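Below, chain A partners chain B and then partners chain C, in two separate complexes.
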Partner chain A sequence: MKSKSQSLWGDAWRRLKKNRLAMFCLGLVIFFTLLAVYGEIIYRYHEIRDITPSYQLTNLDAAYEAPSSSHWMGTDGLGRDVMARLVQGVRIAYKVGIITSMIAIPIGVILGCLAGFFGGKVDDFIVWLYSTFASMPGLLFILAIAMVVPDRGLLGVYLGIGLTTWVGLCRLVRGEVMKHKEQTYVQAAKALGLGSGRIMFKHILPNISHVIIVTFSLRFPAAVGTEVIMSFLGIGVQGEPSWGLMIDSARMRLWQGMWWEMTFVTIALFLLVLAFNLLGDALRDALDPRLND
Partner chain B sequence: MHRLLSAALAVIAGSLFLFGCGEETSGNLPGAGSETVYYSQTNPIRGLDPASAGEVSSSLAIARIYEGLLEYDYLARPYKVKPLLAEALPDISDDGLVYTFKIRKGIYFHDDPCFPDGQGRELVAEDFIYSIKRIADVKNVSSGFWAYNNRILGINDFHEASKSKEPTDYDAEVEGLRALDDYTLQISLTDPYPQLLYILAMHYAFAVPREAVEFYGQDFVNHPVGTGPYELVEWRRNSRIEFERSPKWAETGRVELYPTHGTPEDAAAGLLKDAGQQLPFIDRMVQYVIEDSTTAWMMFLSGQLGASAISRDNWDEVITGDKQLNDSLGERGIDLISAPTLDVFYIGFNWDDPVVGENADPEQNERNKKLRQALSCAYDFDQMNQFMNYRLHPLGGPIPQPLAGSLKKPSPYAFDLEKARQLLVEAGYPEGVDPETGKRLELSIELGSADSNTRQSMELMADMYQKIGIVLKASYNTWPSFIEKMNRRQAQMFRLGWVADYPDAENFLQLFYSKNESPGPNHSNYRNAEIDKMYEQIRTLQDTPERTAIYEDMAEIIVEDSPWIFLFQPMSYALKHSWLENYVPHDFPYGMGKYRRINNETREQWFKSYDDTKLDMTGRE
Partner chain C sequence: MNSNVSRRADEKKLLDVRQLNVIYGKGKDSVHAVKDVSFHIKPGEIFGLVGESGCGKSSLGKAVIRLTDPTSGTIDFNGIDVASLKGRALKTYRQEVQMVFQDPYGSLNPRMKVGSAIVDVLEVHKIGKNTTERRERVAALFEAVGLDPNWAWRYPHEFSGGQRQRICIARALALNPDLLVADEPVSALDVSVQAEILELLEELRAKRNLAFLFVSHDLAVVRNVCDRVAVMYNGEIVEIGDVADVIDHPQHEYTRKLLAAVPSF
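== the complex of A and B ==
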C-alpha cells in the first residue's frame, strides 16, 4: 500500500514537471506564499512590540502619489504605501484561504466518507443536508452568516465561507468512497474484521486524498475572491488592508486617473486566482490514474 | 426630531453633508407632455405621516404636502418664524404660558376620497389639537413626543392613557389644547417654553385631517392629505416620488406670496425677482432616490438634476484652490452655493463605560476625565479638514456657531499633542500604556456605516491616536444595529452627528441632560447634576443676555468634562444650474420648495448650447 501511494505521487510529480505552465504557476504560488509569510512576520512583529505598523500610518500630504522610486506602487488616499498594504493583503487572502479550508474540508471529507461508506439512512440524511445547503444562494448565505457573527471582521469571513463551501467536496468524496467500498482491498480489510472507522480513514482516505488536494487548490482562490467581495461590500475585514477594502477605496478616484491602487491590487488578485486554478487543473490531470501513460 | 435619524443620515451621507437638505426641485416643461424632464435626488423616504417621520428626507417630502401654523421666513437671517396657517404670530399671555392663535379662514385640505363627496373641507382649530394628540399617542410610535413632553398641560396624561390596549380615545380632553371656536386655538403650557414657536414650524405640528387617518388606517403613511402646495402623485419606496401642484389652492383662491423683503445682497443675487408673486412656481416635482454619489453627479452634469452636492472625491477637480468653480462649470452658468450648517459631528464617550466614562471612585473618575481630555487634545482638526477638502469648521464646544452661547475663546482641549501626552500621564496611561496589561490602551469606537469614507476617516483617527500611544479599534455596523447598540448602551465610543431642530442652543444642550439618556438623544448617557440644574433653568427662559450667559457657562462645563470629542461643524457646498432660481440654502428647508422656480427658457437654452459637448466626470470638456 505504502509503496503504491508513493509511486502515485512520484508519478504525478514527474508528469507535473513536464507541464511548463503548471511549473510557472507553482512558482507564482510559492512566491505568494513567501509574501504571505513575510506579511505575517511583519504583522506579528508589530503586534508583539505593540507598535502601529507603518502600513497603517497616514500622511495626507503624500496622498495619491503616483508610483515612484520611493513608493513603487504609489500611495493611497491617506498617503500610505500601496505595496506594503498589498503584501498585507496577501497575508489576509492566505489566512482566509487556509482557515476556511480547514473548516470546510474536514466537514466535507467526514460527511462524505460517512455517507459513502454507510449508505442507507446515513447517506439519505447527509445527501438531504448538503442538498439543502446547496440550494441556498451562496453569497447571500455567506453574508447572512457573517452578519450574525457578533464581532464582525475576519471571524465572520472564515465562518461564512467555511460553513458554506464544503458541499462540492462532500459530493466528490461520497462518490469516491462508494466506488472504493466495493474494491477488493476494502473487502479484505472487512474480512479481517477491522472497524469501520479504521477502514474509512486508514484505508480508503489515502486512496482518495488526491481529490482533496485538487479541491483545496481550486477552492482556495474562490475563498479569496469571496473575501474580497465581502470586504468590498463592507462586511468583511475591518481595520486591516484587505484587497477588497483597497479596491473599494480606490474606485472613487479611478476616473481621476489615480489608477495604481486599483491596478496593482487587481493584478495581484488576478495572478493569485489564476495560478491556483491552473495549478489545480494540472494537479488533477497529474493525479488522475486514468491518464496514466 | 431629527434626533437619531437625521443624525444618522448626516453621518451616512458623509460627503454629501445634507447640502440644502436635498431640496432640489424639478418641474415640467410646458407642453412637454407627461414626460418627466427633471429628476432630482433624495435619500430614501420612510413614510409620509408627520407623526412618525423622523429623518430629513421624509420631513422634506411631508412639508411639501402638509403645513403648520408657522413657517420659517425664507430670506430672513438670523432665522425667524412667520405665520403660515395662523393669521398672525400668537398672543402670548404675560406669564408666557398661554398661546392664542387665530387660524386663517378659507384654508382647505386637498380633495381626497376620505372626505364625504371627496371634497377637501376647511381647516379648523380642532385639526391642530387632533394632530398634536397623534404625536402624544404611544400607538403611533412618534419620534416627536419630546417636543411636547411635560410642556403642554395634560398632554402627559393623554400619553399615559394611550398606553392601554384599547384604541386611543381622541375625544379625551387635553387641558392645554383648546379650540375656543373654529378659528381660535389656545395652547396652555406647564412652564414657559420659548422654543414653542420653532416647534410649531416643525412637522410634528402639521395639520392632519382626522378623516384621512381614520379612512386609511395603517395605510395613512402612503396617503398624505394636507393643505400644502403639493399633492402626492406617486411614491415608490426607495425609488421615486412625484408631486404635483395642488389644484385646491387655485380653486379656493388661496393667496401665498413670495417674500418682498430681503437684503440688498438678496436682491443682487436675483432672489427678489419674484417678490410678491403667487406661490408655488413649479408644477411638478419628481425626485429619485439616488444613493450612489457618482450617479447623482453625472446626472447633474448632464442637466438631469437641478442641483447637486460635491462629493469628497470630486472636490479637488471641481473646485479650485480659492474655492471657485473650475472654468467649464462656471461657463455653463453653474453656481457654487456655500453656507455654514447648524450640524455638529462628534465622538461620544459612553458614561457607563469603566474606562472612558464615569467611575464611582472619585480618583479614577478624575483620571477617566483626563483620558477623555487627552483624547480631545489628540484629535487633529486640521488633518480631518484636509481629508474633507477643507470643508469643515472647527467646533470648540457643544454649541455650533453662530448660535448664541457658542464659545468665543478656543477650547482648552483643542489639538495639542504635548498636552495630550501630559494628560495621558495624569490619567495613568503614560505613553498610552495601560499599566494593567503592559500594552497600549485599546479603545473601540462604533460607527453607523461601513462606506469607504467612514472607514478612511476612522483610519485617519486611529493614526491620530497612535501618536499618543492609544489604539483605536473601529467597529462598523449597519445603521439599525448601531442604533441598537446605542440604545443598549453597549458602545464605548461612537461617532454621530446632530442636525439642529431649531436655531436655539437649547436644542444642543438637551443632548447633555441626564433625563434624555439613551434611548433618548443623550447617547453619551452623560450625567452631571450641575448641567441638569442649569438645563432645567434655561428650558423655560426667554432669549435674554442672562440666558446666553448660562448657555456659555454650560458649554464651558461640558468642554471641561469632555463627554464628547467635538469633531467639526461642516460647511455645506452645493452646485446648482442657472435655471434653478430663488435658491437659498437654509438649515430648516422644510416646505421651501414652493419658493423655487425652474426657468424653462434658460433650461432649454442650456440644453441647446451644451447638449453636444458633454462634460467628463471632472466637470471639464
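== the complex of A and C ==
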C-alpha cells in the first residue's frame, strides 16, 4: 500500500509546479484572465450607467500621441487611450476563445466518443463528416458562415470559428476512445451491465480529459488569432475595441511613424498566444496518464 | 446423449452450453475461435478450462458472459437460453454471471475511486435505496474479499496487483452472481499472492455456493482448485471430465502433450 493518497490531478499539479516556464505561462494566463474580467466589469458598468466609456471617447486634439506618462501606450487616431482599448480587447479575445470553445469542444467530444465507441456505420458517418469539414479551406469557410449570419458582428465570428474547429479534437477523442474501449475496465463495465452512455461519458471521458484540456489551451489562442484576422478583414467585431480592429486601424499609420498601437497590440497578442501554447504543451506532459506511477 | 433423462438433484445444471460456435469476422479473414463446444457447470462447481494460448478459452468465456455474441449454439442458464438475449433481459442476466479478468491493472478505471465504480454498478442495477446504503454494501463487499473497507475510497494506482484482483472480485460479487467466469485470474500475480487469491475463490464457493468457469493454462492450479476440467485445442473441447481423471489418466493425445510440457506431472 502506497502511503500517499494523491489524486491523479494532484500528481499532475505537482509535476506542473516543477516546470518554471509553465508556471510563468500560467501566471500570464491568469493575468490575462484578470484583465478580461476587469474589461468585462468596466464594460458592464458603463452599459448599466448608460455612459460612454473613456476608451470610446474621441479627442481629436490628442490624436496620435506617443507613449507618455498620461498615456502609457500612446493614443490612436481618434485620441483614445491605446492601453485602455488594449485591455478591452482582452475581453473580446477571451469571449471569442471561450464561446467558440463552448461550441467546438462539445461537438468534437460527443462525435469523437460516439465514433470511437460504436465504430461501424456510426464511425464511418462521423469520419466522413469531419473529413468533409477538414477538406474545406478553414478561413474561407469561417468567412462564409460569418457572412450568412444575419447581423454580422461577433455572432458570426463565434459560429464561424466554433463550427469549423471541432475536427482536430474529434479525431483525437475518437482515437483515445478506441484505445480505451479495448481496455479491460471497459469490458468489465459492459459485463457489469452499464449502458453505453454511462461507459462513454462517465467512465472513459475522465480518462481522456487531458486531451480536452490541452486542446482547449491550444485552440483558444488560435480562435483569438482568427478573430483578429476577421475583424481586420472587417467581418468581425463592430464598435467594441478588439485587437483585430486596432491592428487594422494602426497599420494605416505605421509608415508615418505611429508605431505604438501596432506594437503593443502585437506584443499582447504574441504573449497571449505564447502563454496558452506553452502551457498547453506543459499540461499535455503533466496530465499524461502514462507518466503516472 | 439424451439430456432429458431424469437426473439426481445434485446433477442440476447451472449452465448448459451446447454446440456453441464463435466466429470473428466474415468471409476469408474470419477466425473460428470456438467450434461446436458443449459442456455444463453445476451450482457451486469450479469448472476448469485449459489449453494453449490462442485456443479460444477467452472467446468461450466471453461468449458465456455475453461480451461477445455467439455465432450459433445455445447457452442455457438456469433453464433459459441466454445466447441471444438483448436489452433488459441481458441486463438481468448480468446479475447472474460475472467475470474476473486476467490483468488486474487494466481492469480498474484509473480515474475512478475503486468503491465509486462499485457504487456505480449498484446504482445501474437499482440495488440499495440511496448512496449511503450502496456505500455500506461496498464496505461489506470489501470485507468479504479481505480488504479494509476504508480503502474503497482510493484510486486504483494505490493498490498492489493482488489487492486489485480482490477489488475486481468484490466488484463482480456486487451483483451477487451465481457464476463467475475467471479468465486466468491469478496468472499475472506473484506465486505467493496467487495462493491467497485462489483461497479466496474457494472460500467464496463455500460461503456463497458460487460456481466458476476457471480459465487457466496452469495445470497445477487447475488440479488443485477445479472439480471438473475441459481441455481445449484449436477451438474444440477434446477432453472433459473430473479433474483427477483427466490429469492423471488423460485419454486424448493433446492432453498428454499438454501434461508432458509441464515438468511436475
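We adopt the following convention: the second predicted complex is superposed on the first by the 284 of 293 C-alpha atoms of A that agree within 3 Å, B and C clash if a C-alpha of one lies under 4 Å from a C-alpha of the other, contacts with A are read in each partner's own complex, and residues count from 1 in each chain.
FYI, contacts are C-beta pairs under 8 Å (C-beta built on N, C-alpha and C of every residue); 3 or more make two chains touch, one makes a residue touch a chain.
Bear in mind that the values here come from a model prediction, so they are computed numbers and not experimental data.
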{"item": "Partner chain in contact with A:G234 - chain B first, chain C second, else both or neither", "value": "first"}
{"item": "First (chain B), second (chain C), both or neither touched by A:S249", "value": "first"}
{"item": "Chain B versus chain C as contact partner of A:T58, first or second or both or neither", "value": "first"}
{"item": "Which superposed partner A:D50 touches (first chain B, second chain C, both, neither)", "value": "first"}
{"item": "First, second, both or neither for A:G77, with chain B first and chain C second", "value": "first"}
{"item": "Contact residues of chain A, present in both the chain B and the chain C interface", "value": "none"}
{"item": "Residue ranges of chain B in contact with chain A within the complex", "value": "294, 311-313, 317, 383, 386-387, 439-440, 450-452, 455-456, 459-460, 462-463, 466, 471, 473-478, 616-618"}
{"item": "Chain C residues within the chain A interface of the complex", "value": "65, 67, 90-91, 94-95, 98-99, 101-103, 106-112, 120-121, 124-125, 151, 154-155, 157-160, 163, 168, 171-172, 174-175"}
{"item": "Residue numbers on chain A that touch chain C, as the complex places them", "value": "1-2, 5, 7-8, 183-185, 187-195, 198, 202-203, 206-207, 209, 289, 292-293"}
{"item": "Of all residues in chain A, those that touch chain B in their complex", "value": "50, 52, 56-58, 60, 77-78, 147, 151-152, 234-235, 238-239, 245, 248-249, 252-253, 255-256"}
